[in-house]
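Note that the chains are named A, B, C and D in the order they appear, and that numbering of residues resets to 1 at the start of each chain.
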Amino acid sequence: MSSGTFAAYRPILIAIAALAALPLAVPLLVGAGLFAGPNTFYNLMIFILIITLAAQGWNIAGGYGGQFSFGHAAFFGTGAYAQAVLQTRYGVNAWVALPLAMALGGLVGALIGLLAFRARLRGSYFALVTLAFAEVFRILANATPITGGAAGTLVPLRIGFGQMQFDAPAAFFYLALAFVAVVLILNRLLERSRFGAWLVAVRENEDAARALGVDTLTVKLKAITLSAAVTAVAGALYTQKFLYVDANIAYGAWISVEALLAPIVGGIGTVFGPLIGAVALIGLGEAAKTVIHAAFGSAVPGVDLVVYGLLLVVVIAFAPRGLIGLLRTRGGR
Amino acid sequence: MLEVQGLTKRFGGLVAVSDVSLTVPEGSITGLIGPNGAGKTTLFTLISGFQTPSAGRVLFAGADITGRTPESLAVLGIARTFQIVQPFAGLSVLENIAVGAYLRCPHRAEAMAHAEAVADRVGLTDLGRPASSLTVAGRKRLELARALATGPRLLLLDEVLAGLNPSEIRDIVPVIRSIRESGVTILMIEHVMQAVMSLCEHVHVLANGRLIGAGTPAEVVGNPAVVEAYLGHGAAGRLQKGASHG
Amino acid sequence: MTAWNETTRRSLLKSGAAGAAILSAPGLVRAQAAPVKLGILQPVTGALAQDGEYGRLGAQLAIDDINKSGGIKSLGGAMIEMVFGDARSSPEAGSQEVEKMHAEGVSAIVGGFASPICLAASQAASRYDIAYAVDVGVSDQIVSRGLKNTFRFGPGFGAVTRAAIDNLVKLNDAAGKPARTVVLVHEDGLFGSGLAKLMNDRLSALGFQILETIPHPTPARDMSNVALRIRALNPDIVIPSSYYSEFVLLARTMQQQRIRPKGIYAVLNGAASNFRFVREFPDAANNVMDCNHWADPRKPKTAELRRQVEATGRFWLYNVPLNYSSVRLVADAIERSGSRDRIKIIEAMATSTFADHIMPYGPTKFENGQNTAAAPVNTQVQNGDIKVIFPDTFADAKAVFPVTG
Amino acid sequence: MFRSYPPQIVLEAVLNGLLTGAVYALVAFGLTLVYGVLHIINFAHGAMLTLAMFAVLVAHIGFGIDPYLAILPLTPLFFAFGYGLQRFVISPASRNDDGAILLVTLGLSIVLENLLLAIFRSDTRTLTLDYSFSVVDTGFALLSLPRVIGFGVALIVAAALWAILALTDTGKAIRAVAKEKLGASLVGIDVNHIYAVTFGLGAATLAVAACLLMPSFYVNPRVGNAFVLVAFTVVVLGGMGSIAGALVGGLVIGVVESLSGLYLGESLGQIGIFLIFILVLLFRPTGLFGAKA
């Protein structure tokens, strides 16, 4: 049994090790012309990892639990604003602010979950109510003084480990990777736990789950809380990376879309789905931009995004169970 | 074990279950039969907590459980199967059963071991395949296995034999009997009379939401009111005539 | 990290053998000088695509002009090569483009347009000591962070608001104080809200009565109710600060509802300084005033540039002269530093007294990255043209105020 | 905080709300129809509206066709476009799987928006027509003529959609598929065809909406986004799948937005819409006109 346990985590450990070793390959990647320079690589990877984390959060409630949210911006934004406001207004250290941001995000998740799940909202109805909450947050954040209103909140640039601001981009890469790695392992733990089994049962069939003794309300609430907390960490990391948030960044629809897009493209309800999806989507967007730019110049705007959109449709058409499904099918042959 | 007292359920003006009282003795296999639309499944949903009755009470092991949620009833030891099987289609057979097993075994290793044991008991093999790939008979067994994995004291079976061919029925009847022998009380809705005759000690007959007869299977089959409920007014008389001629 | 930087630098040098030769031996013949790479960052897709497009146009025109007149002479006539980056209307895409520009070896970066993009991009550029010239980005946070590499050529909204208020008072005094009551209409984002707050504080102190402050979202689907409230309040002056589309809706509705205040005095408004608006809504646009970025009408280059822009079927927007001038400012710094070295360019920027731009500022003077010489002007739509009415030094027309009839 | 307004202002605000609400309803018809039948949220709805508005622009500038006359060619054109899109792109690419449809429509919206950006560039354009500034003088209020026409046509479109659904064989098939896809396919209805027809109807209503909007609104490659969220609200309020619900929902939302804008300010007033949205979802998720789930 214990060898079985290790086997379950082996791919994750390998993936984490591979990601951690990626910087070693940077000269090759740059040499091959895939990246203009090492920091281009790091900057892109950091953004991919932040989106991965937001998507991993979404995947807990949406992928494993089947509770499709269109409003994970509500959690991302709470994390991002908490990280910024706690530092600038209350003088909290960045490392202390991060767990607080996570907790606040989780709290918001629990509250929205409580309202939505008690009202027995499912499917599109749940999706739309989360979307509406995110919009309300966006409008409020744009108008309230504590968030800096429309001017947003700027975190002062003070490079130093104590401020969670690093001179070397690789440091932030490893910080973001550490969070992604923890959630990868957490997801596998979840898959192999009672809570995880019940969560999936809720996704598959709520009535059948209830008949088997699953307290579906509690399970869903726990899931959305955990989901929100993870996505809030992504928001907090965004703040630390860009040192500025405003209402459209924090609570904008863009992040809700990214958070759900990555797992669906990668493989919904799987450990690696969000990571694979985020790498593919953002990588694809960057690649389209670079290739189109190199081939046709940048005189006509939007062509790269047209290509990106078409590729997205093609990926869906040929990878019904997400890219991870595609990998598995190919591997099986 | 289970006692239903004056249970009534109205949907708007329609009375689906009307003043039904019955008892299921501990350790028995009790049958619930009746024509389609008689309210059998509604009665099950009331007992298992999926709907709250308009009137009446449900007692389990002497305690009033009326209006309690299905999940809390499962914890108390009441498990049910669904007439229309509801497998977790995205999961493997073993994972399906494990969901039930987790109720009493919080840890994965125990739950998996328990699930495998239950699968073995109901005769399910090849546990790694997706539940969606099972045949009808396989799905019925899975439904049964999942419920059984929750470690129930009372099992509510809603037409587990429907849709099976005679040889499949022959295979599954001993399984149900062995479940009872392990100490689980069973209340089953069933249309396959041959199985009811061989399994049940006691049978209740429901028609138009009302209890119209009860007794041993043999007594019930001989009850003209029951025959009429199934075959229409006057059928009992015609049948008897036919019997005397034949 | 240093190892990687070293590698990049080396591979960059290798990538152009001619470039390497020039670097090691400056002063070779002009034709062989390697180009100076200049990063142009604009959001040409997404919500801000319109502004980004015009910003890029201005930068392109400046680069063409510089190259036509012999490039950077102190670098052996090196041409300027545009390294364009689409900021996709988001800060993270903006900073990613800065990383790419760094890897491509740009000497400086111009642009950003929106404040959030400018904030993120200039910060990313600061890691590599790349001079970053903000083209528009009016948030005063941009120049309050102590970043040595960040310069803003145009005025921030603090300066714009001050000028707008001063000029309004002058305008009103000159006309015999016909106006006393004001309604503020503003978009609820960074610039509109910031302006409204400052306006509210100062205008009251100057004896104006603010009847109401009406924020609206962008995009707004309907401005009828705003018009309705203006009609009910019947102010002497309406001060709108909105993006293009919303002001078009408002102006159109006001015309329909026959709301004619003594003046529409826009501040940093997207439409009142846009010839598309003037052409498509000549009646609604007529006599609308705007306190905004605007090119100096008396410089011959302004008219020439405007003709060039209009010849391509585009309209004359402030993004064009601002970017044109910002690029020329950076080119001047490179010229004076005589170097591609980023630090030297930053130093040259900081001490810049550049006057050969087409904005109505006079020579630049940077304090903490802000060009203290920068100021907005007041324009007014007069009979199908946009004229400068304030300050007098740059004016090419007299103000029509109060508007009658 | 609350300011009191003379009754006339309030009345005018209500009228404005009704006129705007009619446009919301027009945009929401397609969304609610597609939701009701395919049970999916069409993310490309906003981009399709933008496309239709550019089509009106091209018809006017390129061919001199008045926006109102453009209804005649554009409605069938967009029906065909919507039909083809669903039949030959969305359905095959998504295999009618919910999650996949979401992504495919999202992908299409990115393609459409940026295609329009590449072709027409980012400028905001408006049409100036003889009647753009015409008003209907009701005696107590001046109402914009194009908006009044929009209101009337919205009612006609609602009636036409209702008639199509209630009276024609195709309409009956659509309703059958909406209720029970499997059952409908068993009785010989070509479900894929019905899906495509529904999508086509949705696109056709967008074409009408675009023709009515252009005389009083503007167009740029992102303009459709302004209407999508509010159209969702209308659909939820009216009950997903209900045409009458979308009409009433649109008008209600229009009036609520108008009044909350009047009293809370246009910015914060937007919260009014979303709060209603949330409250409806929490307490009556089937909407005003939705059948009980």
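As a convention for this text, a contact is a pair of C-beta atoms (placed from the backbone, for glycine too) under 8 Å apart; a residue touches a chain by one contact, two chains touch by 3 or more.
Note that the structure is a prediction, hence the values are computed from the model and not measured.
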Margin query: Considering only chains that satisfy the touch condition with subunit B, which of them also satisfy it with subunit D?
Written below: A
Margin query: Report the inter-centroid distance (CA atoms only) between subunit B and subunit C in whole Å.
Written below: 76
Next item on the list: Express in whole angstrom the distance between the two chain centres, defined as the mean CA positions of subunit A and subunit D.
Entry: 32
Checklist line | Centre-of-Cα separation between subunit D and subunit C, whole angstrom | finding: 37
Next item on the list: Between subunit A and subunit B, tell me the centre distance in angstrom, where each centre is the average of that chain's C-alpha atoms.
Entry: 45
Check: Can you list the subunit C residues in contact with two or more other chains?
Finding: 44-45, 49, 52-53, 188, 215, 217
Check: What are the residue numbers in subunit A that touch two or more other chains?
Finding: 139, 142-143, 301-302, 305
Checklist line | Sites on subunit B at which at least two other chains make contact | finding: none
Checklist line | Graph class of chain-chain contacts, one of line, ring, star, complete, other | finding: other
Item checked: Interchain contacts (touch definition) - all pairs -> A-B, A-C, A-D, C-D
Notebook entry, point to check: What part of subunit D is in contact with subunit A in the complex they form?
Noted result: 35, 39, 41, 89, 92-95, 97, 99-100, 102-104, 106-111, 113-115, 117-118, 121-122, 221, 229, 232-233, 236, 240, 267-268, 270-271, 274-275, 277-278, 281-283, 285
Note to self: Per the contact definition, I'd like the list of subunit A residues that touch subunit D in the complex.
What the structure shows: 115-116, 119, 121, 124-125, 127-129, 131-133, 135-136, 139-140, 142-143, 257, 261, 264-265, 268, 300-303, 305-306, 308-310, 312-314, 316-317, 320
Item checked: List of subunit A residues in touch with subunit B within their complex -> 1, 192-194, 197-198, 200-201, 203-205, 207-216, 269
Checklist line | Of all residues in subunit C, those that touch subunit A in their complex | finding: 1, 4-5, 7-8, 11, 44-45, 49, 52-53, 84, 86, 90-92, 95-96, 99-100, 102-104, 116, 119-120, 123-124, 126-127, 139, 141, 145-147, 188-190, 192-194, 215, 217
Check: Hey, which residues of subunit A end up touching subunit C in the complex?
Finding: 26-27, 30-31, 35-40, 42-44, 47, 139, 142-143, 149-152, 154, 156-157, 167-170, 238, 242-244, 246, 248-249, 254, 286, 289, 293, 298, 301-302, 304-305
